[in-house]
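To keep things simple, chains are lettered A, B, C and D as they appear, and every chain counts its residues starting from 1.
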Amino acid sequence: MHLVLFLIFGGLCVAGALNLLLQRHPINSALSLIVVMTSLAVLYLLLGAEFLAAAQVIVYSGAIMVLFTFVIMLLNAGKEERTHGSKAAYIVGFPGAAALLGILTYIFLKQSDHLGSAKLGGYLVTTSDLSRVLFRDLLLPFEVTSVLILVAILGAVALARREH
Amino acid sequence: MEVSIWIFLLLSVLKVAVVTVITLMAVAYTVLLERKLVGRIQNRWGPSRVGPFGMWQPMADGLKLFLKEDLMPTNVYKPLYILAPLIALTCALISISVVPFGKEIYYKGVDLFQIADLNIGLLVILGITSIGVYGIALAGWSSNNKYSLMGALRGSAQLISYELALGLSLVGVVMRAGSLRLRDIVNIQATHGLLSWNVFGGLQFVAFFIYLMAAYAETNRAPFDLPEAESELTAGYHTEYSSMKFAMFFMAEYANMITVSCVATLLFFGGWSSPFGDLLPAWGGPVVQALLPVFWFVLKVFFFLFLYIWVRGTLPRFRYDQLMRFGWKFLLPLAIANIIATSLWLAFRAA
Amino acid sequence: MVVPIAYYLVLSAILFSIGVAAFLIKRNIISIFMSIELMLNAVNLTFVAFAHQWHQVSGQIFVFFVMVVAAAEAAVGLAIIIAIFRTRNTLDVDHVDLMKL
Amino acid sequence: MTSSLHLWLIPLVPFAGFLVNGLLGRRFPKALVTTVALIATLIPFVQVANIALHFSSLTLPYTEQVATWITAGNFHADFAFALDQLTLIMLLVVTGVGFLIHIYSVGYMAEEEGYWRFFAYLNLFMFFMLTLVLAENFLLMFVGWEGVGLASYLLIGFYLTKDSAANAGKKAFVVNRIGDFGFLLAMFLLIAHFGTLSFSEVFNQVAQHPEWQGGFLTAIALFLILGATGKSAQIPLYVWLPDAMEGPTPVSALIHAATMVTAGVYMVVRTHVIFDRSPFALSTIAVIGTATALFAATIGLVQTDIKRVLAYSTVSQLGYMFLACGVAAYSSGIFHLLTHAFFKALLFLSAGSVIHALSGEQDMRVMGGLRKKIPITFWTMTMAVFAISGFPPFAGFFSKDEILYQAFISPNGLGKILWFIGLFTAGLTSFYMFRLWYLTFFGESRAQATTAHDDHGHGHGHGVHESSWVMLTPLVILAILSGIGGWVGVPEAMGGHAEIAHFLSPVTGAAHEAAEGRSMELLLAAVSVTVAVIGWFIAHLMYFAKPALPAQLASKVRGLYSLLLNKYWVDELYGAVVVAPLLLISRYVLKGLFDTGVITGGGMAIGYSAQGLGALVQRVQSGNIRSYAGWLALGAAALLLLTYVGFGTHLLFR
């Protein structure tokens, strides 16, 4: 059951990511990204992080991706045109990405026997103990992030405002 | 009581089917109810021709919309044009799954009156409403029409800003219930009837009103229905839609209304608990006892729908900047104040 | 049935490398920005997987903070992209390679 | 009286004279400069004379510690002066002859413009020579050694305006420095082996270790010889002495006849303990001495400049002294040094008064017939010529004969050969001395009326006149000394009792008596006198009887004559062998190859490579975001690999 769900939503994730890669129009890649994020939310549920799944849906697909979609719609830049791109990106980049993938998968698979496994209800983090840690041990970082958000808002407003 | 997977699946499918049919029926008849009520408010009879007192009017509307020619304007961004209404309708319908209709009655280990019992039920509802924005945004953008784009942008902006107020207004209720699981929230309110409801006993009266206003804005209804206001932006984001896709948007809107009223009843009006608490004698068999809470729940939801239509008939429409200012400068601070008040009250009571 | 954590990690590795590849291939700034978001999500998945592996909440807390930062970054990033578009009215990365306008 | 003899006063007074004259001389009138210089030389002479009178009552060896100079670890050297028989004789010579030459130069240098400068340098020279002689350790001796070299450089180059004088001064200084280099190495070896430089300690250690033969002692001896040849102008390093004649004549008299050049001989005699232990070194000295004597004598035959002839005769006489030291007859070496100081100084001074008389003319071919015009100079010069040629009553005969005798009887195998060459050179010496004598004073005057092409332009061209009495009195005194000087060391064989040999025996060890006894000595003396007479007769024949003969002879042996005239082209040889390659190397190899090639080349290379590298790196900075992304990805992969390889191995996923 767990494996089936994992395979479905894992596949959905990878499909969405590839779609992001292959689509020419940014709106399509944005929507495929939303699919990736919601399937990730489900994966979080499988791993027992339910509040996080909800947060992922609300914050990522519900807010950030809306921002992206808005910007794409407003700027309406249309399809990507074929520009020369940079040789270095391909020569250096792809081997790098491939190496990255290769190394990580090699490590994870080699160590997989040490890694243990994930059962459906194996480790459930309720919102209460999540919030207990967040608001008692890590209160200061929490407040700092709120300041960060404030700064980000001001920055965004200042940047995006039309010069009058 | 370990339930085998197959039974669980079968029963779940059965439940989903039942709930969906009922919801769609409810949507249809809410449309009728609205047209009849608005008619009466405007001193005219509503639809009365089709069947006794216009009872078959929804069927007629559905049939009409279904058979209408599905116009597709030319350089419309086809894939999204088709996807948008689907997103809107699915989001509206999914949130019903989390709503508990009645008491926890297990039949072969499966809870009868709730499709999915999640201990973050409330968050799921919030998440799904935030996903709903895409339906409107994409509809407006893909129909390649300046008015629809403007309507979509305004609609989604309104949705996002009021989502904040909606979320914060619920915090008070959650604090009182101590859990996000909808059933716990209702059980907290069901102790002694009317008095323990959040609206009255839980002192969430202000929160209730903030929730109500935010909900109206979420569903683009009543005073906040600027995006699809006929007078300025023709039909807002779904101007280019016709027949079936238009019907989907229409149904999505009413489904959202129903969901919102269900949530309102659950959180503020004690869900399926009777106003008289357990004063009434428990007459009738187990079936009657099982169905009585459902009856109460439906009664309250009907009351909210009535309220919706009533407000739509009476209040004038907000201008866009008034709407935004009201949302951000009035509702949001009020919601935060409410949270602080409830937390102080709870702390005081706990001490 | 039981799913070894390694599968989750491999999945996140795949997502991450797709993110990097997208970062390299895509020419539209917004798409590149989205590939960054994808990479961040991949990392979040590893965090949650290890949190599950070691039965510790801190992994999830960290994901929470990553989300916050990602949100802030997205906001500011998009504002910058709008500013770029307004001044150079192109979103093609290869055309945006000079500090001077 | 063992009270302090204030030995330190002897060198210090001339130094004071130098300071006074040197610093204030410019503003002093000539008279004041003269008085200061003369007093500065008279006082040490009087003090030495006083010491000489009380010498018998002194406890020897008498050393006086003035101050410590260097204390480094267990090595220390200090300002210490020592006095023994050898030092006394040297002091007498230096101060005595020095004083006489000071008086002479008052007259000779009267018209020169650098008057005060000349006397300041002379006093400076006296200071350094006295320090050298009085020194109790090698280091202080080395100070004197260098100082004397410096003074000779200053005095040779006294006529600043003349290029030849300046070059001669430089040449003298450089060649001396080469010799000093050898002396320095010897000192290093001494420090290495004995750990100290003071004479008494070194000689005690050598005495205590009879088993030390040859080896490092020979090495030290050889280096000392190198130093001595540099200073006393022997075979390899004699080239500077003939050129040193550029300096004024009193300088040549004092430095290049009496005192400085003898420093080498004094050093060898002083350190004879080391030389006794290495027969090889002794034979080298003997060979070098004889070779130089013969070599210089042959060149002297054909020289036309009067001072050049005397210079070569000095070189050859020094060769004799070295021959004496070579055959371990140190006392006879010192005896010859003493007599040579008298008659060679006299020869130079009289040559000076001849030049003075001819207002600066030095070329003998232009002189002649001066016998009547400058009689006193003539008679003093005659006394000196007879002394140097070795005619019996005069000093030269006894000292030179003593050397030849010692050479003849010396156990060293080469003794007989050295004696024969010495004898032959004695003949040559008398020949070229009498040649000079005849050319200068006899025959008619060959001076063209006004071609006073003198080379140091102080001639006042109003006819030939006898020098003033200021110059003549030293000549007369020296003439007397040359006459009676020899009687100090008359050997037993001839009735005397060799006072000087016995006097020096504590320092130089007993002079070994020959087995053949007195008859052999008398026979050898007779042989040497006959050789001298033969020399005189040939010179008389060629330059008095038939003046045309020399020209014919010269034309017959054209090759030999030009060879001798050009001094065997030794200067040119040195130029080609040493100087030219050095210049070549420094100009082309060092400057050309190394300097421009390596240094500037290297600098430029670094500059260009930095630029090249910069250009390379700059290409990465293309401004294209995607290329940055590419590099980013590669970097991330590399980092990941690194961490895994670095730490991953022991990473445990529990």
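Going forward, a contact is a pair of C-beta atoms (placed from the backbone, for glycine too) under 8 Å apart; a residue touches a chain by one contact, two chains touch by 3 or more.
Remember, it's a predicted structure, so these values are computed and weren't measured experimentally.
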Per-chain Cα centroid nearest the overall protein Cα centroid belongs to chain C
Ranking C-D and A-B by C-beta pairs in contact puts on top A-B
Between the Cα centroids of chain B and chain D the separation in whole angstrom comes to 126
Distance between the CA centroids of chain C and chain D (whole Å) is 94
Between chain A and chain B, the Cα-mean centres are separated in Å by 29
In whole angstrom, the CA-centroid distance of chain A from chain D equals 99
Listed in rising order, chain B residues that touch 2 or more other chains are none
Two or more other chains are touched by the chain A residues 1, 51, 55, 63, 74, 85-86, 89-90, 93-94, 96-97, 100, 104, 111, 115-116
Touching at least 2 other chains, the residues of chain C are 20, 24, 27, 53, 94
Every chain pair meeting the touch definition is listed as A-B, A-C, A-D, C-D
Residue positions on chain B within touch of chain A in the complex are 5, 77, 79-80, 83, 118-120, 123-124, 126-128, 130-131, 133-134, 137-138, 141, 149, 152-153, 156, 160, 180
Counting only contacts in the complex, chain A reaches chain D at residues 85-97, 99-100, 103-104, 107, 111, 114-116
In the complex, the residues of chain A that touch chain B are 1, 27-28, 31, 34, 38, 50-51, 53-55, 57-58, 61-63, 66, 69-70, 73-74, 126-127
Listed in rising order, chain D residues that touch chain C in their complex are 622-626, 629-630, 633, 636, 653
Counting only contacts in the complex, chain C reaches chain D at residues 20, 23-24, 27, 32, 53, 93-94, 96-98
